[in-house]
Amino acid sequence: MSQQMDNSHRKFLQSMMTNGIVDEQRAAMLYQQCCDTYKTKCLPDKLNDFIDTINSKLQPLFMQIRKGWSEEDGQQHYALVNVAETDISRMSSDYADYELVLFRKTIELIVVSETGQASSTDILNSTDTMTTKKLKKSETEHLLNRLVRDKWLTEKRGEYSLSTRCVIEMEPYIRTMYQEQLKMCHICHNIAFQCQICENPTCCIKIHNPCVARYFKNKSEPRCPACDDFWPHEIPEIHQPLSQSK
Amino acid sequence: MSQRKRVSTSQSSSQNKRPASLSLTATNDDDDSMFTLPSTSQVLKGLENLTEEQVYQKTAEVLQYFLVRDQKKIPIRRADIMKHVVKDYRNIYPEIIKRTARTLDQVFGLKLVEIDTKNHTYILINKLEEPEGMTSSSGPANLKSGLLFVVLGLIFMKGGFVRENLIWNLLKKLHVDIGQKHNDFGDVKKLITEEFVRQRYLEYVKIPHTEPVEHEFCWGQRADVEVSKVKILELMAQLHKDRPESWSQQYKEAHSALSTSSQATSSSQR
Amino acid sequence: MRKSKGPGPDTGDDAEVEPDEQQDGDSDPGQRREIRSKYRELICSVQQNREDLLSPQNNHLTEVLEKANRLFKDVQQTREAVLDSQLLVVTTDLGKEKASQMLSDGTAFDHIVFAENLLSFMGLNRLEEGEEEQQNGGAVDGYLPQDAWQRVAQWSQCCFKTAPTFHYMMGSFHTEPPPPKQKVERQRKAPTKEVKRIMPTQLKKMEESQHEATEKEVERILGYLKSYHHDDPTSPISYYEFVIDPDSFSRTVENIFHTSFLIRDGLAQMYLDDEKLPCIAPSEDVEGATADSQSRQQCIVSINYKEWKDLIEVFEIKNGMIQPANTLIE
């Protein structure tokens, strides 16, 4: 059933290792390039099959190329993720133990926040409660920069939120840890961090910004899909996925 | 049980933070020196007592271990593989390594190479070439590899050994002053004399009978298998607007090295 | 001639007479010293004139070896022989380097040209041709663009068969079981239902931790009261002098607040002295304190900023009797 891998698959997987995450266009481009390089057939609508072939071989190795959506623009992304916590997976040396503690605190701040964001001040303050090594302010800032560079967090005007890569890979973790605090998007039913919230106090549903854009498109007066109250937020534009990506 | 495991993992992660000299003394080599490779018949016997599923599982763990440990590009010691993953399966170690190498090759396009057959250390190298025009797809290049190219290139072009001072001198001309923190590389001297050395891109050796002590650099074991002398020579020629053949000695060496290493690659395939 | 010292540097250890030297009947210590000295001189000159010796234009290295050969004729003892081998190592080393230079026959790799070409490749923005170059001993000055090393890295990537590395976050740390209760400490933008739902827990939490802090502080203040009392049990402790912190109005208010708990819990008692001024003392010394629990009451003394200032003046308070809790941090 599962197809054999050839060099185009391997090259694609290697690019996934290097990039960590790619958006849909980039994935399609990579697919094309890998096939061209190794002279294999490239069927533009078969990207998912191509990835499934790789995934069938990755599955026993606790790895996966997982699909997800950006909360920001609703674009589909592919991320190479680790799926299991084992004695070996914990030997990862990218971050020191105390750095991971702070990262988890940051996740927590973001999860329990209403806005899906945590300010750098909040994160800096949370270092005080760390029982492991106390981080200096400069160390914390440096760590946050690294987390952004490595695509685990995104930052805008001093507010940090979970990156698409982080949401895709860490979703199982976040679900186990914060089951009660999590809210799903009323439209796409995925976890919602950065989103709009219905202001009717008995409703309070959340909708991702890109889902808002799609849902309220062409509607003259936006109303909450759950309680029918007026939707008081700005309706964002639908993201045009024609960009050649960064 | 799980408690003990936690301890061992935290140890290994803290080791990574320590300078090389310390971690060398801190890890005990007893594990490995006492280990003699099981014979083929021993392996076969060992396999009889295990299910295919168990061997498969262990292979996956060893592979995961290689990928995790390769993050820092420091060669992986057999002793550590034994201690952290293989554990009770050491009697079938050769089989596990064989299978791991096969999966690394077939799934990832990577090659497992034992760079030091005396101390038994392994590295992973890429079997797939970076195709022309695809460089953009692999993201921005690792800046450090640019520096590494300059250092390895100089050593190769100078015949294999280069005095430390010559390197610092060259880098200074390239606006990389080892006395100052560099924007891209931070502490350059530390990067070259410690990180590159630990990764085995470089060897940093004391020149005998020098007073005060002087050091010279040569290619490390990793560079020998991971870096292409032919390509370096091509780039040098390109840079000097010359032909690779005009450095006849280097040309000869690069091409003789190529034939031996490519033989090794093709023979290990499949 | 034999007894005279050889030319060149005379090192200290030559002056010492070693015991074994005395026993060597058949060789003259003076001659040996001379041989050693000449060897050292030779080694030294080789080390100092490296670049010169390396030059393909001359034969100095051969000359050195010939000199050594002549010296070796007279060598009879190990100590001199060691020096000879030392010299040999140094010259072999040089020979190797010289040979490697020769091998590249005529097209020796010049690192200065290499640097020049690399700088151009990196996009060096050279300064005006001028004296500056000369001043810096040939070092080229100018500005490298931000991405200079990125260019080199990108360009040279084809030389490396480096395996890509796998990085992940999930599974890199131990997942502890989910926290039993919500921890919410953030300020929210707009009050919503969720905030209301969370508020009680939050307040309760705050109350709890507040409560703990108060208890600690009350105990600490009791400690002060007891120790002052212990130091001089006969003289009464003025309440105002005890609670007022002349440096901080807010700490004074806090002290009054916490002291009131001591009274309420019967751990301290207040009474008026002969001048009708309030005094405070720990309870164990006040008779019937525990038995008379009904009469216990928490008294709240009010104080405003002006009163605080006035009291400091009236009581001539220079230092607070209760040290602030977090002196170390402040």
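Things to note:
Going by the order they are written in, the chains are A, B and C; count residues from 1 in each one.
The working rule: contacts are C-beta pairs under 8 Å (C-beta built on N, C-alpha and C of every residue); 3 or more make two chains touch, one makes a residue touch a chain.
Predicted model only: the values in this text are computed from it and were never measured.
Contact with both subunit A and subunit B is made by C.
No other pair of chains has as many C-beta pairs in contact as B-C. Chain centres computed from CA atoms place C at the largest separation from subunit A. In terms of their C-alpha centroids, the spacing between subunit B and subunit C amounts to 31 Å. Centroid to centroid, with C-alpha atoms defining each point, subunit A and subunit C lie 37 Å apart. Residue positions 164-167, 174 of subunit C are each in touch with at least two other chains. The multi-chain contact residues of subunit A, meaning those touching 2 or more other chains, are 14-15, 17-18, 62, 86, 89-90, 92, 94, 97.
With touch defined as above, residues shared between interfaces to two or more other chains in subunit B number as follows: 68, 71, 108, 126, 138. Subunit C contributes residues 43, 47, 86, 89-90, 93, 97, 100-101, 103-105, 107, 109, 111-119, 121-122, 139-140, 144, 148-167, 174 to its touches with subunit B in the complex.
By the touch criterion given at the top, residues 5, 7, 10-11, 13-15, 17-19, 26, 29-30, 33, 37, 54, 57-58, 60-62, 86-94, 96-97 of subunit A touch subunit B in their complex.
In the complex of the two chains, the subunit B residues touching subunit C come out as 6, 67-68, 70-71, 73, 108, 110, 123-127, 129-130, 135, 138, 140-150, 152-154, 157-161, 166, 169-170, 172-175, 184-185, 207-211, 225-228, 231-232, 235-236, 239-240, 246-250. Residues 5, 8-10, 12-13, 16-17, 56, 60-61, 63-65, 68-69, 71-72, 84-85, 103, 106-109, 126, 128, 131, 133-134, 137-139 of subunit B are the ones that touch subunit A when the two sit in their complex. Interface residues of subunit A facing subunit C in the complex, by the touch rule stated above, are 14-15, 17-18, 20, 62-63, 80-86, 89-90, 92, 94-95, 97, 100-101, 103-104, 108-109, 112-115, 118, 122, 150, 152, 166, 169-170, 172-173, 176-181, 197, 199, 201-202, 204.
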